[in-house]
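Multiple structures are listed underneath, in structure tokens.
Across the two complexes that follow, subunit A remains constant while its partner is subunit B and subsequently subunit C.
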Partner chain A sequence: MLSNVAPSVFNGLILGAFYAFVAIGLSLIMNLTGTINLAHGSFLTLAGYLAFTLVSKGTSFWFALILAPLLTVVVGVVIERLLIVPLYKRDPIFSLLLTFGLSLIAEEVYRLIWGPNGVPFSAPGILGGGISLGFMQFPTLRLFIAVVLAAAMVLLALFLWRTRFGLRLRAAIQDTEMISAMGTNIQVLYMVNFALGMALAGLAGVLASGLLGLSPTMGNALLMPAFVVAIIGGMGSLFGSIVGGLLVGLAISVTTLFIPAANEVIMYILMAVVLLIRPRGLFGTEGLFG
Partner chain B sequence: MAEALLEAKNVSKHFGGVVAVNSVSVTIEQGSIYAVIGPNGAGKTTFFNALSGFYIPDGGQVLYKGQDITTMPNWQRVQLGMSRTFQTPSIFPELTVYENLLIGVQSQQKIAFKLRLPSAARKKEIDARIDELLGFVNLVHLKDRPVAELSHGSQRLCEIAMSLSVDPTIVLLDEPMAGLAEAETERIMRVIRDLHDRLGLTVLFVEHNMRVVLSLADHITVLDRGAMLAQGTPSEISNSQTVREAYLGQEVLNRV
Partner chain C sequence: MNRRQKQGYITAIAAVVLLAILPLKLGSHSVLSLLHLDVSILSEMLLFAIAAMSVNLLLGYTGLMSFGNAAYFGLGAYGAGLSIHYLNMNFIEGAIIGTAVALVGGLLVGPFLLRRRGIYFALLTLAFGQVFYFIAYRANEFTGGEDGMSFPRPYFGFPGWHMDLQEGTFYYLMLLVFAAVLVGFWLIVRSPFGRTLQAIRQNELRVRYLGLDSNKFIFVALLVSAAMAGLAGALYGLLIMFAAPLMLDWQQSGDFVMIMILGGAGSIWGPVVGSLIYVIGKDIISTLTQTWQIYIGALFVICVIAFPSGLLGTLLNSIARRDVGAPISEEAAPHKARESGAPAGNAAVAAEQKES
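== the complex of A and B ==
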């Protein structure tokens, strides 16, 4: 039994970590600017394809793992500055429609450039094998992904809670007017915050390509679960997104094992239950301060 | 005559067809306590926002030490030496009192956007400055509490301390007494007087309570429906027939 359940649990946690990653990126952008970035998945896919192209042109996987997210940040910030910034002051529905449009355009562009079907993108040989954990064999790639995602989350938390820039970001989420009144250029905060979200999406994109398969819809497939995760964890709570992501991943993997047919609906059931008990999510504080 | 620190020349602002501020001019001298008073809807806050850069006026000019700052973004004005508070306390509720002040204190160190952690010596300096600011408004004992847990009056004081944390020359306070009980109003009034007397700052504040304005300010501008009704010293204002008729009840004046 253990040999059956344990790998599923591990895989579920890794899937959940991806959901959490995407959810955190979404929350960062939504908390500060009110923008619900429906193109978030598209940026994730873009990073995957950029890494694929870099590797097929002869760069090493490791280099692509760094460079592709950086390029995604550049593309993302250009789009933010040119298209999304003018909408920050307007009703959130405008930026939601814009980013929805962007995601549709992006999907077609990816189809045109890289073809409608998935492309093979595999991690280097060193990540190929498995590591014996005694009671089970665990694929090295998955372990690597888990370590990178965890390290990135720790870095993000350090950035937000230990640097003065992070303090400003956390403050700006609570009151953008006052942060200007304290002498900070809010546009710089918007830009860095968006870039941060893009970096998370980019990193997740490259890592997901090797695991979930790189196709034009890869990122968008992660978007819906990410929203569910953000709601379960509590909108705006970083820690909540992590817990929510791992919970959803776990629930999906365990359900797949016992009632495969229900593995898609389980996250919605989980969300409904959480919202019934705690309407603002597990760690959400929204509504607390009006 | 002291030097003009902040000047508004024929400042106007309209929203659609509504004229919120109509050609208002004020000259705030260095070292004065200046009040803008008027009933609700008189355009006080709009005028205030035009001075602090939260609105760009449709007409007229704003000058700071003679420099035209009419279209300068608000955050740059902070670096010139202007800081402001808001009518509803604008604080960061989930951060502690200490962290709220840290933001302003750090912004004064030209390394605000660097990511490295402050050295031990630097941190000591910052902490000393924060203690000094909290001492000024008497909030030292609440230093590590989230601001959301503070009383309304203490939140106001925290916001005033925040506006001081950026080392201003002039502090602009938007209805600092709004929604406060009598005892708390007294407390804020004492702090405003201290800003001037002890710290040597120039103060501009917006208020609708005539008693407060007459006892604190040395210069007053009365606004009514967006326009200037009167301007002068407290005695000139309280003796002005126009002000009496348009804004004050005789009864209010008798109490003063």
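== the complex of A and C ==
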């Protein structure tokens, strides 16, 4: 029994960490600017393909793991400055639609450049094997992914809670106007915040493409669970996103084991239950976003 | 009858007459055949217009960002398809069952959606819409799964009389349905109920202070919207004789929202104009190039940036200085200001006083 359940629990937690990662990126952007970034999944896919291209051009996986997210940040920030910034003052539906349009364009562009089907992209040999945990074999790649995701989350938390810039960012979520009046350049905040979201998406994209398979729709497949995770964890709460993500990942993997047909619907059931008991989400702040 | 009402009637009659004569042949050609368009494109246009109107009721009139109306649309298509395939229902029964299934979907999801507003509401509609997608996708012995299900189009008629629906007659039936929905929609938004919805858009807090339970109004609006989208979906299923999970997908919802924004939110004709541009534009582009998705996406981006109150809205605003795209124009408050209620509400009230 243990040898059966334990691997799927671990796999579920890693899947959940991905969801949490994407959800945190979405939440960062949503909290500060009210933009629901439907193109978030497209940026994730972009990072995966960039890493694929870098590696196939001969660079090492490790170099690509750092460079691809950085390139994604550059592309993301350029798009934000040019297209999304003018919409911050308008109703959120416009940025929602704009990013929706962008995701349509991106999907087709990826298909044109990298082909409609998935491309093979695997991690280097050193991550190929498995590590024995005594009662089970655990793939090194998954362990590596878990460590990178956890480290990135710790870094993000340190940035947000231990630096002046992070302080301003958190304050701006509560009252943008006041922070602006106190002399902080709000556009820089918006930009850095968006860049953070892109960096998280980029990192998740490169790691996910080794695990889930790289195809034009990879990012969008992670996007919807990430929304659900953000709702379950509570909008405005990064900790909530982490808990929500792990919870959803766990629920999916356990359901897959026992009732495979319901493994996608389970997270929506979870979401419905949370909404009934605690509409603001597990760790959400009441009042933020109505 | 004031001048604006008279204009409204004239536009409505002119539009329906124009739509009715489009497929008629003059000699060996019709306007349609000269444009290389099939008459079923016009049916599709009308049905997408109804679906976009269902979004408009929520977004344009009530101020609720619904990004999940494709769920009801798809439920309508599956309702019609399944009842025809398994229960041998006729055309009218199929359409009614489709609408009813969508309505049940709205009844199930509505109480959850009611709990939140603003972008949180948008997220909930997005997420709950996907539930039905996965159900249709997963129940493959029953629904055909990812490949979808095809079903025949039954005779249209009553006991004692029936007729076979060809593409042409189907279109005229759709035109009839469309006209009825248009009149119904017009009556709803003009009724005290519709006025209350618009009041909720402008300032929900104030509506509650006036003693009205805004949740009840929003719930009914959700159900009306679900039924409209369901009707459109059921008839669309009967048009293409097919139902697939993609009809329930969030990208389909995005198309409906975009159609509405394309024409102009908060106006009766906006979704119709938007649908005309979207459906025919998509048809023409997709025959020209395989990568049509890029152009549709670009259309979205350009429209959002350059025509915030929609093409029709921008046109009317510049001609008559009317406030067609009012609910989600430049002046709309950012999401945080809206929460406190006061600033956005006062602006809306001021705008209304100016108008009258």
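Here, the second predicted complex is superposed on the first by the 287 of 290 C-alpha atoms of A that agree within 3 Å, B and C clash if a C-alpha of one lies under 4 Å from a C-alpha of the other, contacts with A are read in each partner's own complex, and residues count from 1 in each chain.
Operating definition for what follows: a residue touches a chain if its C-beta (ideal position, glycine included) is under 8 Å from a C-beta of that chain, and two chains touch if they have at least 3 such contacts.
Just so we're clear, the structure is a prediction, and the values are computed from it rather than from any experiment.
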{"item": "Fit-or-clash call for subunit B and subunit C when the two complexes are aligned on subunit A", "value": "fit"}
{"item": "First, second, both or neither for A:Ile179, with subunit B first and subunit C second", "value": "first"}
{"item": "Subunit B versus subunit C as contact partner of A:Val78, first or second or both or neither", "value": "neither"}
{"item": "Contacts of A:Ala261 with subunit B and subunit C, given as first, second, both or neither", "value": "second"}
{"item": "First (subunit B), second (subunit C), both or neither touched by A:Ile36", "value": "second"}
{"item": "Greater subunit A contact set [subunit C / subunit B]", "value": "C"}
{"item": "Apex subunit A: angle to the C-alpha centres of subunit B and subunit C, given in degrees as a multiple of 10", "value": "80"}
{"item": "Subunit B versus subunit C as contact partner of A:Lys89, first or second or both or neither", "value": "second"}
{"item": "Which superposed partner A:Met271 touches (first subunit B, second subunit C, both, neither)", "value": "second"}
{"item": "Subunit B versus subunit C - smallest C-alpha distance in the overlay, whole Å", "value": "9"}
{"item": "Residues of subunit A at both interfaces, subunit B in one complex, subunit C in the other", "value": "175, 289"}
{"item": "Subunit A-touching residues of subunit B, taken from the complex the two chains share", "value": "52, 54, 73-76, 78-79, 83-86, 90-95, 99-100, 102-104, 106-108, 112-118, 148, 162-163, 165-166"}
{"item": "Subunit C partner contacts - residues on subunit A that touch it in the complex", "value": "30, 34, 36, 38, 83, 86-94, 96-98, 100-109, 111-112, 175-176, 224, 227-228, 230-231, 235, 261-262, 264-265, 268, 271-272, 275-276, 279, 287, 289-290"}
{"item": "Touching residues (chain side subunit A, partner subunit B) in the complex", "value": "159, 162-165, 167-168, 170-171, 174-175, 177-186, 188, 285, 288-289"}
{"item": "Subunit C to subunit A touching residues, read off their complex", "value": "59, 65, 67, 112, 115-124, 126-128, 130-131, 134-135, 137-139, 250-251, 254, 257-258, 261, 291, 293-294, 296-301, 304-305, 308, 327-328, 330, 332, 334-336, 338-339"}
